[in-house]
Amino acid sequence: MLEQYKKGDVDVDTIMTQLTSYEMADLGFAKIDLSRKARTGIPEVIFAAGKSIDQVEKIVMRMHEQHQDILATRVPQEMADILIKNIPSAIYHPLSRTFVYQPIRPVVKTGTICVVTAGTSDIPVAEEAVVTAEFLGNNVVPVFDVGVAGIHRLLHRIEILREARVIIAVAGMEGALASVVGGLVDKPVIGVPTSIGYGANFGGLSALLSMLNSCASGISVVNIDNGFGAACQAHLINS
Amino acid sequence: MLEQYKKGDVDVDTIMTQLTSYEMADLGFAKIDLSRKARTGIPEVIFAAGKSIDQVEKIVMRMHEQHQDILATRVPQEMADILIKNIPSAIYHPLSRTFVYQPIRPVVKTGTICVVTAGTSDIPVAEEAVVTAEFLGNNVVPVFDVGVAGIHRLLHRIEILREARVIIAVAGMEGALASVVGGLVDKPVIGVPTSIGYGANFGGLSALLSMLNSCASGISVVNIDNGFGAACQAHLINS
Amino acid sequence: MLEQYKKGDVDVDTIMTQLTSYEMADLGFAKIDLSRKARTGIPEVIFAAGKSIDQVEKIVMRMHEQHQDILATRVPQEMADILIKNIPSAIYHPLSRTFVYQPIRPVVKTGTICVVTAGTSDIPVAEEAVVTAEFLGNNVVPVFDVGVAGIHRLLHRIEILREARVIIAVAGMEGALASVVGGLVDKPVIGVPTSIGYGANFGGLSALLSMLNSCASGISVVNIDNGFGAACQAHLINS
Amino acid sequence: MLEQYKKGDVDVDTIMTQLTSYEMADLGFAKIDLSRKARTGIPEVIFAAGKSIDQVEKIVMRMHEQHQDILATRVPQEMADILIKNIPSAIYHPLSRTFVYQPIRPVVKTGTICVVTAGTSDIPVAEEAVVTAEFLGNNVVPVFDVGVAGIHRLLHRIEILREARVIIAVAGMEGALASVVGGLVDKPVIGVPTSIGYGANFGGLSALLSMLNSCASGISVVNIDNGFGAACQAHLINS
Amino acid sequence: MLEQYKKGDVDVDTIMTQLTSYEMADLGFAKIDLSRKARTGIPEVIFAAGKSIDQVEKIVMRMHEQHQDILATRVPQEMADILIKNIPSAIYHPLSRTFVYQPIRPVVKTGTICVVTAGTSDIPVAEEAVVTAEFLGNNVVPVFDVGVAGIHRLLHRIEILREARVIIAVAGMEGALASVVGGLVDKPVIGVPTSIGYGANFGGLSALLSMLNSCASGISVVNIDNGFGAACQAHLINS
Amino acid sequence: MLEQYKKGDVDVDTIMTQLTSYEMADLGFAKIDLSRKARTGIPEVIFAAGKSIDQVEKIVMRMHEQHQDILATRVPQEMADILIKNIPSAIYHPLSRTFVYQPIRPVVKTGTICVVTAGTSDIPVAEEAVVTAEFLGNNVVPVFDVGVAGIHRLLHRIEILREARVIIAVAGMEGALASVVGGLVDKPVIGVPTSIGYGANFGGLSALLSMLNSCASGISVVNIDNGFGAACQAHLINS
Amino acid sequence: MLEQYKKGDVDVDTIMTQLTSYEMADLGFAKIDLSRKARTGIPEVIFAAGKSIDQVEKIVMRMHEQHQDILATRVPQEMADILIKNIPSAIYHPLSRTFVYQPIRPVVKTGTICVVTAGTSDIPVAEEAVVTAEFLGNNVVPVFDVGVAGIHRLLHRIEILREARVIIAVAGMEGALASVVGGLVDKPVIGVPTSIGYGANFGGLSALLSMLNSCASGISVVNIDNGFGAACQAHLINS
Amino acid sequence: MLEQYKKGDVDVDTIMTQLTSYEMADLGFAKIDLSRKARTGIPEVIFAAGKSIDQVEKIVMRMHEQHQDILATRVPQEMADILIKNIPSAIYHPLSRTFVYQPIRPVVKTGTICVVTAGTSDIPVAEEAVVTAEFLGNNVVPVFDVGVAGIHRLLHRIEILREARVIIAVAGMEGALASVVGGLVDKPVIGVPTSIGYGANFGGLSALLSMLNSCASGISVVNIDNGFGAACQAHLINS
């Protein structure tokens, strides 16, 4: 199936392409990948959970020096306060706990990303997706609280869903929203299970399994509460 | 809240009521509870899984001698062949693997039990519910293959669902059918998760968790593939 | 089995019925389903877990403006304090963490719902069921602390159980109460596993699995600690 | 955010659009959704697992009468033999256990779908994706046996990956392939965990968790061994 | 609390006692512990699962040469046939799949071990306990099929339970039998969960968790289907 | 096997014996079983987890009025302070969080119960067993910190173990202590897995599974951290 | 910490070293990594599970043409028969299901690898380790059936263990062998949990968790039944 | 295989060797194993989690009196403050929460241990490995934040990895780092899964399963977050 590459010549080229696109800022405890956007379409984003305030602050400031746009997720309020002190024109979204510094908004793409949620409690995760997708230069349409316990809430908005290029379906509990949406539209649906619920919800496992086992084809799933990852893939689809 | 029962007198009565309703046929390895129907509304039913053909045959014949109606579930074909040889007028349903001997059909109740399935593969479990509910004297309306991957299949039959006294929703994979039905009707819905599916289905666990975490209120759940149990509860509700 | 609906005419009717029964109050982040009671027999109830105080307050006040009865579950004390300030005649039950505003009590139905608990620690979940069932217009009889470690405690109250229209059995640890009750009465039993226990209890999983695997027929199960859901189904059965 | 739809007028239109697109062939035990392709971009495909040979045969023949293209997955050899006897010009792929009848090949889209596997044992799942994607009218490029135990095998083919519109990464064991690919390209990556492996693999759970927890952004996941679902989403992305 | 042992002298004694009681027959692939009975009160018993017929045959014959009593568990029929050919006076119990060779029955102890089962399907596991306990020289009283779905079946036999020195409660499904028995008697109860059941039974996990979480004190548990282990502990209690 | 009881006469006797031994103090939310000791050999003990301070206080005071000995487990410090204020001569053990009021020590039985722990971190659970066993009138010998990472620590104390009537082996992490002890002595061993550890310990699951799968016969297991339950069974064995 | 590599020059060298060591035989469905031994110290080994006989035969014959030593694991008897027909001087070990072709035995290293098993049933896994380690040129000493149910069996062989360079401890059930060995020697211990056992063994999970939670330091673990992997690491340690 | 040891003579020697190497400091609640280093190559290290400050202080001071080097892991800040007050020249590493007192640094071994981490968040676990390995007298080279989301970060440092005697790979999320490293070097790799991540990470389970199922041979795994254990085995390999 594959044409056999000649080893000597072509490998070096292949590798060269890869290597020249690699620029790094080394902080010792962290290595900021400055060419990740060129390589993967998505710049390095700071996942703040598990990092100290001091570490995040150093990474943010180094990126700032490099004139990079900055997105940090899972940023608690006290960390945000310190970051904002350093970069007063940055914005902190407390609901989704995202920190954004992007002085020049990117050119917005043609296609839209529709973010639907089953319930009000799923909104923090949905907002992480919204903020991320907008940061990456996408036009986002939110449709919130249209879960299947009242299916007409969803049917009323079916036209909006059908006009999107890609749909992110955010739902906890039994996560049935992704399946129902997937059966109604001809667009790729990315399911985001949320940890909302209780009892045999097991921190989002019930919604995750539901979405993985969806009887509707054309659905894929990201990790529980991973609004960021869903937005990244939606962005690549929309590119 | 509770009036305190006087001990001597009332206890004995209470217990007497209980004891007099107890009749048993003892086979040594099994004790057939001949008064279970009087006590719980459901006669003793033979769960054939894990029992030898010889054991089931002995239980069936003893019940036959006692002029009891007989229902056995999880009966494999070879066991059924031997039972039918003993009681030629009995009926074996190969799809649901149920064995029924009931020479005089019971008077049928007014309310109907509606059994819906998400897909064709869920039908064996649904049929166990249908056979059981009819054995117990209920009027049953099956609505098969109306899963949420094409929600209009279900919406087309909404009137049938609304006319039932109780609904049994049988679904594998992500089990979203129970939630969607529960959001459309004002009747109790009993979810039966099935082990249909593959991958992270874990033998029906995904559908079970989905149904337990349903965002629609008024839904309860029985064990995976337990069409029999769902029919029993539906019968008690319909009584 | 099913009479084939003629497409053009009947579908529209079916859908029309559905649509005309749909009234919604849209708060942006939440869509209050004002016709849910007409459709499903149970009005929209606020599940407060995962929602901010501000969100719950807005939903409650909008429902209040619409002259709706209000039930909110999983309401922490500090949220209740604010809600009560808004609607002083509402009631907060701290044990079950439920908030109720229902100026005119509904006409009570004939049948009773009996709520039994295995132990004292199961009472908060049982109280959620009691408050919900009464809110929905049912007569409720509580029978608390009658677990199977002393089976006579249960046998002493057998008459009360037998007089109920439907029984809610609330139990943690090994959840055997549901099976034992199910073997003694001819009424539908809804099991509510609770997260009470420790060690290999796994947050109520042991009781959940016990109840799902009950050897007594006629038992169905709701999610762990879901007193609300059990009461909803009991209410539909009792209607 | 959303403009409020006027209820009377627009709802009817919305629903009408939906309903007119609904055509069904009813077999009693199954309802073939003839308008699914128009609605969701993917025609109804037969998931043969859990269905009897007789049921699948009836569904296939009804679709054949309707002049539909036919794809059936999880078809065992003995079922295929019978289907081929009915439609001799159909094709059975034994490795992926897929049955295809498509007399006129669809016009092929511009973008390509690249299907990569970690090992030789993952090929059956990958072939299900290949057959499905081609059935849906896509150009597919397979790159097999390039797992991370020898990372240069993958680096040698990096150009092929970068030229694709979307990549399906099929891997069992620890499923690291999806993460490594995701870190090298700017295309959406759909991970398909496979059940290949042993020991603490738990039927593909290890690969599933790996892919869900990928440190590379832009990756989404379908169910274990679900080559079909991955191809469906890749097709929608490529449309 | 503990008196400090003097090292030189006492340690050697301690160890000597241990060493002199150690006699072994070495077969290379297996080392038969001929002094296990002296040391632990229970002789070496052959667990045949996972061993080849050839290996078991060699172990049995070597023990026979040493004039040892022989008990082998999990012995399939074809293995038993070969063993019986070697030792015609041995006995094979097909229900419990145990092989016993014990030409001289041991003196029976005073106390009795009562083995209760919830259902007929639990009998194979119960029989493993019965055979083992009798092999070890105990008087065993079986009480079968007295599960809690009909609690009076158990109450009718309460006197027998109360007269035992120790009770083995064998139950699958929800395993409630152990709790109910534990709440009725003042004897140690050893629960044996069985893998009987289906659905969310998970191979006996539901019964195992039930018994571990029993609300009755004085209950301990052995592994799923481990009738042998329960009998061993019951024997040590009865000694 | 069982002699058939004649129904009328004997049943009443059986039940009478049971009923006359039943005395209860009803607090509404709790029913104190004053005859549990006569029936099961172990008096009602208060499991304080999940109960409010107010509830526990009421139960304790009611038992005190009835001149009962009192044992409460899982009692946090602040609850203990209030209880001690009510009954100043009671004792609180902070390590095991047990509250004891027993003005007259019971007559001590002949046999001893040996409580061994693998490590220092297992001592709180072991102390719960020690306090409970002493409360029930047993002579207890503790042997702490003799885990298998240094097997000689255990071998040095082998004589103490061999002199006990029953051994409680308390261990977290991999829980190997129970197996090693079980292979060295001819006494029943009750394993208590503890939740000590981290990582893939899963709250004591690793130790629990280890002990259930012990290769030494004669071992049974109680729930994770359930020192109380182990002591109860040890007491019944020692009685 | 790390000296900063200069990009242009050194990277190319680094990569060149890597690339020149890469030789591959491409079979389309498989890519044989002929330089894996030079790179990782272990040649490419065929994991036959999940591969068809035809695929394995092609891989083996291609390696044979390249004059490579051949090791294939998880080879069923019927596959071995065909391979032996192709290479009559190869050897098949039926117990461990390994296929070996190595005409010239490698020079044996100085240090020995000791492979200990807990029981007879663990021997197939242990033999996979023995065959692999010998294939890689190591001196192997097996010590079988020395599990902790009779700790002296192990103590008798302590000298052999202490003389090894590295120890592989193979055990199922509760896997305590690894901890006990780890506490007795100053050599690295690699634990191999086996799937031997039943009940709550969960296919080796109990032994896996035991070994991961070992209280002895210096122990690492490979996958369940992975004798091959343990031998590979032991070989690298011994090199 | 094994030469049969003569019992009388050799056993005593074997045991004597073992016993004479046993020195213990008994604190009642803890027994400090002063000869563990001589026996296992690693001195007794204090695992502070689950121990009270008072207990740890007593153990540390007793070891100090015995002129032992001291390493304590999982030491919270407040415990460290008290220990430092007792031994002012000791050092506390807050990132890894390790406490070290080692007045004379051990002679450093020739081989180096390379500790690689996937991300910044994995550093605390990696530092536990670094501190432990240095305490045991090893030369350690850290290479941090080189996860597979940017594979070139790792390829740039390949020479450092190849020069090590043994590699510890610390990674959370999907843990792919261990597999990629294992495929690039001919040194033993010890994987340390970390609990870093969220959603379906399950406290490190995803990384643990990934590493156990690694497609690269020569990798073994220690418990989640167990930097200490990895360092111990690396030390034994390096000795």
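Just so it is clear, A, B, C, D, E, F, G and H label the chains in written order, and each chain counts residues from 1 on its own.
The definition used in the following text is that a contact is a pair of C-beta atoms (placed from the backbone, for glycine too) under 8 Å apart; a residue touches a chain by one contact, two chains touch by 3 or more.
Everything numeric in this text was worked out from a predicted model, so none of it was measured.
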Query = Counting a repeat as over half of the contact pairs in common, which of D-H, A-B or B-D repeats C-F?
reply = B-D
Request  = Note whether the interface between chain D and chain G is symmetric in residue numbering, meaning over half of all numbers used appear on both sides, and answer same or different.
outcome  = different
Query = By mean C-alpha coordinates, which chain is most distant from chain B?
reply = H
Remark   = In whole angstrom, the CA-centroid distance of chain B from chain F equals 41
Task = Measure off the straight-line distance from the CA centroid of chain B to the CA centroid of chain G, and report it in whole Å.
result = 51
Key: Averaged-CA centre spacing for the pair chain G and chain E, given as whole angstrom   = 36
Task = Could you list the positions in chain H whose residues touch two or more of the other chains?
result = 1, 11, 15, 18-19, 22, 28, 39, 144, 149-150, 172, 182-184, 199-201, 205, 208, 212-213, 216-217, 223-224
Inquiry  = Under the stated contact criterion, what part of chain E meets chain F in this complex?
reply    = 1-2, 5, 11, 14-15, 18, 39-42, 45, 141-144, 155-160, 166, 182-190, 208, 212-213, 216-224, 228-230, 232-233, 235-237, 239
Key: Of all residues in chain F, those that touch chain G in their complex   = 118-119, 147-151, 172-176, 179-180, 182-184, 197, 199-202, 205-207, 209-217
Note = As the complex stands, chain B meets chain D at residues 120-121, 123, 144-146, 149-150, 152-153, 172, 196, 198-201
Residue ranges of chain B in contact with chain E within the complex = 18-19, 22, 24, 28-31, 33, 36, 39, 47, 49-51, 55, 59, 74, 193, 195, 203-205, 208, 223-226
